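What follows is a group of structures, each given as structure tokens.
Below, chain A partners chain B and then partners chain C, in two separate complexes.
The block that comes next holds the complex of A and B.
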């Protein structure tokens, strides 16, 4: 096994080395780094050309002082990067990703940019996985239903969206138009009717069942939407949204009940009791921690409380789970996480009016933060970041959603036809257990591979999205570097994204080897 | 069955939910939520207005220096900044603009790494100087800062006097030493020939033309003189702002102001080494800054620096400089956000950015015109100081073998058509450019053209061109049109092809667009013609480098005695009338010999929130932010 891992690991470096040589040569020969200065008639243009040529080790017609062929420039760069493998700095040279054409330090820059890009890509990937897998399962369960066809259509639509265009459209409608609407947010009669009609049609499709049941669900949805939306409008929900005590209590209980029903079945009293205890604790903590959380100065406190909530939930599951410890823990942990998120949402809703007064147009089309917020309040700053994050995340998520949905669907359909599923059904195992325990788990195995590929692909897609949304991270580094024919920043991006792609494949390889001993040769 | 029970329970709970809302934490019972901090945020945003500053705003009439529909406190009547009316006060407001993606990186704008438009746009708001470029590329003396006069013509000696009131934002007077330090930054840089103290400047012309530096009676004098051993026609451009505060640099490098002064006078490289370190990156670099060190000599000072890496992004917030002695700036908070130009139009529509200067192409112009129709946005369009032209290569290729063909090419060149199809969609009033040293937006352009050019290449004379080609037995001669591969230039080649190509005058026109051509341009080893632009920098003598026989930017082997002679006259110490006369003679020779043909000046577009007054477009490289201190939102 160790030999196998080492072999794979060595191959990883070979791939990266090959990629870096190739990219470096391509970047260096992609254009003229002095182009802007050559068209300049500035008295200092020649001096500036010399400065830049010295920085980049280029050759100039009137001085051969700074000439180095590209492979020597590559070698200089490579020795700097290799230095990063040696933290002591004793054996190899100092760790450095080189300098930009203006003499800036690329090492610091890539660290900063990678953090922002990863934030974007991680959240988009996570959401895409959750939503994609859920849609995929429902599609598979309702194969050849209208829902299945509609989802297939939508997924292929999203999948074939040019990401650049999708981003521009998202800015137009979800930022500019939304902000215009937020100036005086009211639901008109027709909006209410349209939303109600859409929900009336779609919700029964997801729930399925007999025709009578569908009609009943549809009618309920229509009445519900047609009463709640005007009510929200009347309450000025868009300006001052709150979940409120009622929603939190009801929501927590519903979550505990629903998760129990889904994962263990309501007849399992031990699990049900654990779930309800978690819900009660969650509601209690909502009131007890309100002032504490309002006073948060950074993410440290909410994150710590979140961790505490998970720990407590796990504990509740262990203590009250009895013979069904495993299932109980799953239910309590999931309820704990979801209730915490609900409470967090309420806190953000509470901050919304403050954000609106600091920033009357809540979604900006550019940048990861708003420069004119005029307040240091943690909640406002954090909500501002969220409102800036959601559009790029949405665009990136939509594009990769299709892969997960389609793979989950086909993988589910394949597994459901297997003998062991038929056996389980024949034994009288109920449908929930068949789907979740037997089919779903096995259907997830091939998906692990896709995550590795998709993640690397998304980082590439992020370059475009970041550019359109004016985010400053690896995308801008890459494009600006290429425009300046400046190899160091471009190479840093290539090395980073390439490294992640290779690393994820490496992990996938090892996982396979762990799962399937036949592969270890 | 269980599911149905579950949904029934859910429905019951859901209806109960609304009843229970009463005791929600944080609810103040008035139907509103939000903490006390709420009020503060509103204030900083929409704040109290500083007096009735927006009182006398007038609408522009669409004259030469203003734009119809735009608001002005004073309608500008020249390229200089308009004088703000009496009682012009700072308005408690925020205006955001974007100078493009390249961020502000160094408080010392004279450092090599800071050599970008983004840096100088921000830096210029935090400094003032003896002169600036007006919107028509004219040199404007800034009397608020100081004055200068020529003491002697030979050698040229200029005396600069800094305004008595001029101080840095910590209250310390701006003195001659600040200028001497700026000179030292260039003079004691490391070069190939000699080691220096480690200064890393973005230019060398000041040290080249003023080898002895500035002379002052004392380091803290308000007057200093500059002596140029050799006459330099662009001497006015050598000195403007005070650069960085010498007293802060001295303090940061652990020496007294006098010691610094002595070290500069004596050229003591060892003593200057720590100074160079502070000068290069020690005054505020890459987001690391200290309000007591990053001082301002202009209307604004640094308030916030949101640094997000060098390639792009982040923002800089400026606030009024409390020690500023001149006309107060128009707006309390000026924000520069560094984002790519492709995002500007939507950002303007969403009011994320209030003043933009995007890439001037047809799509952008159409999108902006749509926005302008709502009345919320005003669009300015005009010329910028960058001019497109075609140069003939006389060292090799078809024009070396048969120079007469240059005449044929010039005759069939559809200049009017190129302007109509490519430039007028962006800037309707764009015209064919008929001069090289005076651009169409500059003063006296019409008279200059009337005297230097007789209109011989105005109409695309395909037949005339064909005759010459046939007479030289050159039908089908391949003419490479070299350019850097931009779409607009490729489109121009197509238009040229319909007139001069096989269907027209009879050349074989080849589009040789290639980004790599830029590296070969000045080496001169190409053939045919080159189509590119010179970015004008407002200098008088920059053309000498291009047109004289041994000029460094002369890449076509062009040589003409009259041109060489006239350039020596132009670069000499003469009056403006004499200089114009010499320029006319020089241009005539360039037309006669067909060095090349000017095509058009590049168009520019500026758009802004229509409620902001005093936004003006400029042809100079200082961009629309050149008078940002005058911007003010009118109610």
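The block that comes next holds the complex of A and C.
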């Protein structure tokens, strides 16, 4: 199996190499890089043409002293890029992605763009998978219900959404509406009523059950929303949001209980105890690490703590799980992750007033970060990035949501009809275990491949979305580079997206082998 | 075999009995419902798919309007304004849409005008034409290439298959949008737009079809009738044409229709970025990007072309969905029966109790296989299984 995966990995790299040759040739021949200067009336147009010709090795009408055929230019570019594989610079040439026509350093640009784009694409993919798979499962369990029909229609709508159009709507309407609202953030009576009505209708659909149960859930949701929203408003939650100690404690315990109920059942004491221990550890760590996390200078500390939290959660599951080690570990790990995220959320909420004072209109419609924040505090900078990130992420998530929902739904429906599901039901396994353990796991195996395919499309979408939101990133590099017939930035984008896609395929193949023992040859 | 004494006579009797049985069954069946051929079943399922039918109507209306209103090529249309800047055009109503304005239904410029002032209705119709042409041409080109390469790769395997798989990897490695943008830029100056663009897009988007056809051919080549055809000396070309492609036609049509939708989206994205259709030609994506500049003063310039893209793509996707359900009723037949309105709205418990009272539940599950064939399960005679058991 390892041999197969490595072989495939090597082949994908070869394909990437072939693609780079082909793209280079196409870009170089796609237009005239001197077009704007030929039409220019500047006195020094000729000099500019000479400079550009020297930079891009072009043929000039009066001289060919700079000219190189495209394959030699490609070779120059390739040796520069291959230099990046060799950090010492001893064997190969210096690492360089070339320069743009205007003399910009592409190496620095792509390093910056890579970070921004990767953040966008990874978060969007992750959210799309989580939300899509959950929606798909609920749709499949309530096949042919109103929820199912409504979700099917919505997913078709998202699937058909032109991504650039959705991005412009998000930028020009959502962002500006949100900013205007943040100037004086209060829920009006009608907003509260509308939100309450929506929740009253949708939540019972997700939970299902008898008519009486639906009515009860709907009524509860209505009362809950109609009391909580005015309360939040009264607390000035939108200006000074906090989860608060009480919410963290209650939330952690509820998470542990809920996950236990979902994955193992509350009567399983071993799992319940492990879950509750994790919750207690999480709450304790919330108080203990508060000052430490506030003093963070970079993402290193939060990420390290997150990894530590996961490690501790796994350990708790293994130690206290007893006979139900597997289930206990799943519960503790998931609660560990979710509680950590909750704590992070509280930290970000704590930073929110600071960001608002630095930037009264929280979402800038141009750029991935805001200049002139007036502070270099890690939390403010990070929250600023997040506030710039959420709209593009939302757009990309919506567009790729449909794939996962539709896939999960049909796959679940297929699997539920299999004989082993009937056998499981016949031997008295309860519905939760049937759905989660027997059906869901088997339905999710090919998801790894879907993610790999979807990822390439999503990166293409990222180019468009970044372009619309005016991020100085991949999208801009790609589009302006292509317009200027300038191979270096375009090739950098291709190499970056291709490299990521190859890497993701590699991960997907490994996951596939782990999830499906049958293909371990 | 069953009777040693007079096998022939007994066999004859058995055969006669079988024929009688078949006739009786046939009569019983045709009493209650008609029988349909495979194609009839597909057609009935497709025409019974409500979203697909609505979409078909909408797409037809849009197509007819788009092509007749501004005309195509030398054929004139009935719409008075051209999609390019007319001489002596004047701004009516400040460029605002005159639709449903001042008690008029359409008015002179139903979708308004841009700042030049060109008529937006004519431009949107022209853009719709371009989108539809590109969608159909790309689907044709990519289907033909995909079918040929997929069938050859699946049938002969070996080198061709290796090449196909490498090209599929190519699609994974290089995002479609990237390669399409590069090629779009490459052909941007060519004559007869948008056909060069459409052909180029077809050339990059055939791998999906090829993979599907290959998978289909791979499974079909193990069938007995293919072995029989090989034994009878049929040429590979004939086997592919006569035995494999007709069996793969469902996959091909469904995939082609989804390709149309995907390509319309791809083209509008490229045109939005300025790498697809080039001015003076018009495309919906280009109209969106023109409208985005004036989004605060004239939002309709941005909304209308975008909504047109959304509607066209949505409808084509629904048609594809309907076709898939028609060709592959696999998923429909499984699981529960398609419910009525009451069940869909969540009162399934009530209606199940009612049907249990009426004593239909057992029959419902037994007649499950026939649900999409319009079996009337309340009539016990319609149940084939029961008839056989009695015998």
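Note that the second predicted complex is superposed on the first by the 436 of 521 C-alpha atoms of A that agree within 3 Å, B and C clash if a C-alpha of one lies under 4 Å from a C-alpha of the other, contacts with A are read in each partner's own complex, and residues count from 1 in each chain.
Everything that follows uses one rule, which is that a contact is a pair of C-beta atoms (placed from the backbone, for glycine too) under 8 Å apart; a residue touches a chain by one contact, two chains touch by 3 or more.
Everything quoted here is computed from the prediction, not taken from an experiment.
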Touched partner set for A:247, first chain B, second chain C, both or neither: first
Which superposed partner A:385 touches (first chain B, second chain C, both, neither): neither
Partner chain(s) touched by A:168 [first = chain B, second = chain C, both, neither]: both
Partner chain(s) touched by A:472 [first = chain B, second = chain C, both, neither]: first
Between chain B and chain C, more extensive residue contact with chain A: B
Partner chain(s) touched by A:369 [first = chain B, second = chain C, both, neither]: first
Touching partner for A:357 - first (chain B), second (chain C), both, neither: first
Which superposed partner A:460 touches (first chain B, second chain C, both, neither): second
Touching partner for A:31 - first (chain B), second (chain C), both, neither: both
Where chain A meets both chain C and chain B, residue numbers: 30-31, 168, 172, 467
Contact footprint of chain A on chain C as seen in their complex: 166, 169-179, 181-183, 185-186, 188-189, 261, 265, 268-269, 272-275, 285, 288-289, 292, 295-296, 302, 306, 309-310, 313-314, 317-318, 321, 331, 334-336, 338-339, 343-350
Touch list for chain A against partner chain B, complex: 30-32, 34-35, 38-44, 46-48, 51, 61-63, 65, 100, 102-104, 108-109, 112-113, 116, 168, 171-172, 175-176, 179, 220, 235-236, 240, 242, 244-247, 249-251, 253-254, 257-258, 261, 265-267, 286-287, 290-291, 294, 349-351, 353-354, 357-358, 360-361, 363-369, 371-375, 377, 380, 467-473, 476-477, 480-481, 489
Footprint of chain A on chain B - complex, ascending: 2-3, 5-6, 9-11, 13-14, 16-27, 31-35, 37-38, 40-42, 44-45, 94, 96, 101-102, 105, 112-116, 192, 200, 202-205, 234, 237, 286, 304, 306, 308-315, 317, 333, 335, 337-340, 342-343, 346-347, 349-353, 386, 484, 515-516, 518-519, 521-523, 532-537, 539, 542-543, 545-546, 552-553
Residues of chain A that touch chain C when the two form their complex: 11-12, 15-16, 18-19, 23, 26-27, 29-31, 143-146, 149, 156-157, 159-165, 168-169, 172, 204-205, 208, 210-211, 214, 410, 413-414, 416-417, 452-453, 456-457, 459-461, 463-464, 467, 478-479, 482-483, 490, 493-494, 497-498, 501-502, 505
